[in-house]
Amino acid sequence: MATSTCSASQLALLFGPNTTNPTAAADYICAQFSSVSDSFSDTAFAVDSTYLLFSAYLVFSMQLGFAMLCAGSVRAKNTMNIMLTNVLDAATGGLFYYLFGFAFAFGSPSNGFIGHHYFALKSIPSSSYDYSAFLYQWAFAIAAAGITSGSIAERTQFVAYLIYSSFLTGFVYPVVSHWFWATDGWGSAFNTSDLLFGSGVIDFAGSGVVHMVGGIAGLWGALIEGPRIGRFDHLGRSVALRGHSASLVVLGTFLLWFGWYGFNPGSFNKILSPYSSGNYYGQWSAVGRTAVTTTLAGCSAALTTLFGKRILSGHWNVTDVCNGLLGGFAAITSGCSVVEPWAAIICGFVAAIVLISCNKLAEKLKFDDPLEAAQLHGGCGAWGIIFTALFATKKYVNEVYPGKPDRPYGLFMGGGGKLLAAHVIQILVIIGWVSATMGTLFFVLHKLKLLRISAEDEMAGMDLTRHGGFAYIYRDDDDDDDEAQRNGIKLRKIEPAGVTPPTTN
Amino acid sequence: MATSTCSASQLALLFGPNTTNPTAAADYICAQFSSVSDSFSDTAFAVDSTYLLFSAYLVFSMQLGFAMLCAGSVRAKNTMNIMLTNVLDAATGGLFYYLFGFAFAFGSPSNGFIGHHYFALKSIPSSSYDYSAFLYQWAFAIAAAGITSGSIAERTQFVAYLIYSSFLTGFVYPVVSHWFWATDGWGSAFNTSDLLFGSGVIDFAGSGVVHMVGGIAGLWGALIEGPRIGRFDHLGRSVALRGHSASLVVLGTFLLWFGWYGFNPGSFNKILSPYSSGNYYGQWSAVGRTAVTTTLAGCSAALTTLFGKRILSGHWNVTDVCNGLLGGFAAITSGCSVVEPWAAIICGFVAAIVLISCNKLAEKLKFDDPLEAAQLHGGCGAWGIIFTALFATKKYVNEVYPGKPDRPYGLFMGGGGKLLAAHVIQILVIIGWVSATMGTLFFVLHKLKLLRISAEDEMAGMDLTRHGGFAYIYRDDDDDDDEAQRNGIKLRKIEPAGVTPPTTN
Amino acid sequence: MASPSCLASDLLPLLGTTTNATGAAAYLCTQLNTIHNRLSDTTYAVDNTYLLFSAYLVFAMQLGFAMLCAGSVRAKNTMNIMLTNVLDAAAGGLSYYLFGFAFAFGAPSNGFIGRQFFGLRDFPSPDFDYSFFLYQWAFAIAAAGITSGSIAERTQFVAYLIYSFFLTGFVYPIVSHWFWSSDGWASATKPHDLLFGSGVIDFAGSGVVHMVGGVAGLWGALIEGPRIGRFDRSGRSVALRGHSASLVVLGSFLLWFGWYGFNPGSFLTISKAYGESGNYYGQWSAIGRTAVTTTLAGSTAALTTLFGKRLLAGHWVVTDVCNGLLGGFAAITSGCSVVEPWAAIVCGFVAAWVLIGCNKLAEKLEYDDPLEAAQLHGGCGAWGLLFTGLFANQAYVNEVYGGPPGRPYGLIMGGGGKLLAAQIIQILVISGWVTATMGPLFYGLHKLNLLRISDKDEVAGMDLTRHGGFAYVYHDAEDHTHMQGIMLSKVGPTNGSPKTNQNSPSSVV
């Protein structure tokens, strides 16, 4: 944030020879100005770093949200497994994104396909990226892997999990984010030279880059593995395998909501950036507006799901409402910064319908995704990208993506079809790229018998066979009482189940 | 952040007598500059306070993390007990730290041993400490007490808990933090006059001051109480008494991770502090770097534990991974601000091994610590202090601890052994001080029969005997149906246990 | 921003005969004005950062409410109460966007109700930015969340939707207009014509948020009557304990965490000097102080409850301590910014006893509130308003509320009774207004048979009858049929569900 520089020579001329020592006076005054200007620069760095760091922490808290959402959505016997994968997403993601993920994504100057600087944070901080930028992007990267883990839950070998997670966080996702977010990505709206269709893709916080990538990867994983045992009965009817704890689902959903305030508004990266200096309206307002659009999209999606599901299934279902809510968020993520609040309500409304339809379709096709991750992040994410191309307003596009006047904007707002074309390209390219990489990976793992666990393991639950025991022990029996234990296990086999009413949705 | 002051008399001379009214002109201009400079000072206070306050809130959220971690790690019958202790840590800590803890810790000017100003926040805010500093330090103080509560869980009388918690938060911990963090502490690196070994101790966010203090206190408590009933069988073999909910453990761990971003980067206290004004590199970068080193240390510790435990016990164990993760964080806490990111990976790797070894040792010695708190915070904390003395880089040490050029730095980085010597002293002194105070306290409580609960209480669970009932009621029986209830209880006695496989670790 | 802008015409005569005095003066002033603009930008950025993150913290309280409510009800109603909490936030978002915010802050308007900014039209304005809307929305949904606790476990879902919409969209915004908007009739920030020359000091809403939620809950719970089994046939109180203390503690801590957005965040801006610019003491210190008073009030209330309950009930009860803690927070919310830290300790101490007293009273009157929300938010909230009238500190009142000097302050601090009078008026008016609006609403719903669920539903649990199943499935029935599961669960114990003695005398809440 440069204050216009003070030119001592110019000022000296203005003072002229009547002043005793015009040069010195001018120097003196200009030194003051330049010190002020330096202070401004310091302040701006401090404020922006504070903003970005706390946003990154919020995004990180989404990982906790994913963990709780996933844990609550699977059956108790696989809880340890899915939570471990979520912890490891963050941990392996941290190492791989540090070593090369960030370099692939943002290592400019580079080509349009992949970055190649800043491996292991070499030469960071630079004038373009500080450590806080790395931290923020890392939190995004692990979110993508977290999405996929939901799709393949309850039936995937742990080793397969480690492999795909490293590959996704370390390579597949960074490359996509390079394309659409780095200054030299081929589809990026920040690209300084050669914008795709003169516009570039406006995927502000990553409906495509994060959510669709995660969702499509999950789609392939779940397709190749096939449904869980018992998910479709011998007549092919769908049988809901309900998660074991709705409390954890709600906890996770709210934490994701909380974290989304880092995800969307945080994607501005800077808050101290006036649109016209000295005015009450600046990037800080845009940040606030983004938080508002995010909120409204989620809210309207939740309400639409509530009433939609009530009509379809006859129940007021909290887990469905939670999923609808998240679908609304996933959809608004792309356009959150460039649409009006009223448009966000439309976005959420349609997102809920998209999610319900995708779920119906999945059921028809006997596609089993324990967390609806492919439908939610893939389907609603794709809708979000289209939505942005329809509703982006001219004013906001130019404010948020400055530097090039007369950018194309939303079709319905009178901005022509160029943005829409770019966005359709984005959807196709992401589907293609993720299918080509993750699809292949899952297929190879499948062929190597590394993907799916055995049927016995699946029936018994992975926690017992792989993770050393169940997640919950609400009854305390002395663990050394071996006889009672053997009894317990024997009796469990013949004992009837607890109260599990069949659900119809 | 003072802009250099503008001297009107000097400027007036430069304008000279030919200017109509040189004094007034100079005054006018300088008044403008001094108003700008004041505004900068306001802005700096506002930014730094914002930063510190939100960091304090994050650190506070660690208390929630501890509560959930502890709750999940104990058996269901003691959940209410341990959660109550965590709530009270925060509450009693709030009062005692307000009344005298903060005064003992930071009440300068004082001697090197203990502070004696600011009792009950008298004369706060001052130019050195604002309310936000108190809040931040309070959140640290309650963390130390939270650590100890884990070690003595499931077998300690509630009264003993109240006594030790007040003593630790109000006296033992503040004194230690005075030594190493206050400007006149004898071992502090901020000490302006007389640095220990010309260096002072670099315990940036408190591997020693917080974690070792909590861990050693827990060690003595657990040693004096002895293991829980059933923890070691009559042959002396170790029997794992598993916690009742892995979900809560993961929830707690992620919350701690989230909070650690307040703990470590927040310890800078200020973010708007340039290293050289007008440059993109400043304290904001150091803050970001600290967040990155913290992340990487935790990640590498988690992965090391994952594979280490897989080799040792044959399971992929999520609670062990969580503990490993926390061990990595506890270790990096000391050096987080002065080491390179790659060194943090080493720190985490070793921390995981230290934790595994400490646990093996504890098993050998029949030391029972339900949360591994003494091993984790004591052991990894001590390693962290050593680590800092080995890997602290020259540049970062001088930036983070300015004011004295040519400070000693890490041994492996070529900085000589002075820092290491100071750090060894720190470890010894903390062990000595905490043993002398908390060891004695626990011993006295033990002799007064106030420490350990009766064997019957322990078998039945403290929740039933002391806290008015169990924490969970998942089965709803119609509460008026007394017969069913009596039946239920009767049947429970003769019914075998649920599936609790014996675990080997 | 305090810096006066530089006027070239001021500087010109001073430079006088300099070769190009006009040019020099214009040059210097352009530079300085750029600086002032940048300072203004910086202030906006810092204040918005502060307000946004505070809003996020306040939003986290909604999660806290959800977990607290979930843990405090029986397992069979968990899905129901959590759904209401999710919908509070969602329905509140739409209604507050469409008209709630306009009713509350749509100045210029009359003293009763605002009428600008419907659907965020003409937003942002110089007075309000989006971040302010977000912050106020987070407050509005908190009020609805409070009420949902009072009527838990026995209310029809449709009734819930109706009252929640009405409360967030109309009742609450109007109250907040009265006391917080710059043209509310009792607001302390009004430029002239203050109520009793003082206006009401309800800084973060002990009255506006907590009492509104609490009184609404009171009417709901009164009209519905107690849950089945809450009082036995001889009228003795039987505690119906919540199903998970872990969730209660989780919720309480999250609320505590969020309260740091609620109270200190209510300053709205942080970059503001008090008096002379360039001093270390400014609004940032007041914000820190507010966080400290909040902490101390809660801590004291928790400890008071701990020992008080130990004496009364003989147990160390964690859920009671959590409620006490929250009572302390609800009470300090009104005066947090204008009292000394030591006074906050007094506030918390009394709040704990107020809560215990209210609970005793509720038991006597056979009033059933599953979360003690009416007692906690209504009772402690009212105490908090009185407390502010007694203990508000002169210096702090003038710093925080500015305006004319010589504002009335706390009675005990020597500030006379005017503030206290205004605070009492506030309590009466809030009780009256909420009673007049929410009372008839609940009564109408009751008459239409839309309020309370059937006895059968209540015994079976709403999750099973309305929400498609129980919240928890800890043991997996792979292929067992529904009938077996239910049938057998009636006659025999299921595996892994500890039977607790729910009628143990210890669990009297």
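Structure notes:
Chains here go by letter, A, B and C, matching the order in which they are written, and residues are numbered from 1 within each.
By definition in this document, a residue touches a chain if its C-beta (ideal position, glycine included) is under 8 Å from a C-beta of that chain, and two chains touch if they have at least 3 such contacts.
A quick map from chain label to UniProt name: A, B, C = Ammonium transporter.
Predicted model, so just to flag it, every value in this text is computed and none were measured.
If each chain is drawn as a node and touching chains are joined, the picture has every node linked to every other.
A turn of 120° superposes the CA atoms of chain A on those of chain B, with the angle given to the nearest 5. With centres taken as mean Cα positions, chain B sits 30 Å from chain A.
Under the contact definition stated at the top, the residues of chain C that touch 2 or more other chains are 15, 17-18, 28, 35-36, 42, 46-47, 49, 53, 244, 250, 472, 474-475, 489, 494-498.
Residue numbers of chain A whose C-beta contacts span two or more other chains: 15, 18-19, 29, 36, 43, 47, 50, 54, 245, 251, 472, 474-475, 491-492.
Interface residues of chain A facing chain C in the complex, by the touch rule stated above, are 1, 3-4, 6, 10-11, 13-19, 29, 33, 36, 40, 43-44, 47, 50-51, 54, 58, 75-77, 230, 242-247, 250-251, 253-255, 257-258, 261-262, 265, 271-274, 277-278, 280-285, 287-289, 291-292, 295-296, 298-300, 302-303, 306, 313, 315-318, 321-322, 325, 341-342, 345, 459, 461, 472, 474-475, 491-492, 495-505. Chain B makes touch with chain C in their complex at residues 15, 18-21, 24-25, 28-29, 32, 35-43, 45-50, 53-54, 56-57, 60-61, 63-64, 67-68, 71, 76, 79-81, 83-84, 86-88, 90-95, 98, 120-121, 125-127, 130-135, 138, 158, 245, 248, 251, 466-480, 482, 485, 487-489, 491-492, 495, 498. The residues of chain C lying in touch with chain B in their complex are 1-4, 6, 10-11, 13-18, 28, 32, 35-36, 39, 42-43, 46-47, 49-50, 53, 57, 74-76, 229, 232, 238, 240-246, 249-250, 252-254, 256-257, 260-261, 264, 270-273, 276-285, 287-289, 291-292, 295-296, 298-300, 302-303, 306, 313, 315-318, 321-322, 325, 341-342, 345, 459, 461, 472, 474-475, 489, 492-504, 506-507.
Listing the residues of chain C that touch chain A in their complex gives 15, 17-20, 23-24, 27-28, 31, 33-38, 40-42, 44-49, 52-53, 55-56, 59-60, 62-63, 66-67, 70-71, 78-80, 82-83, 85-87, 89-94, 97, 119-120, 124-126, 129-134, 137, 157, 244, 247, 250, 464, 466-482, 484-486, 488-489, 494-498.
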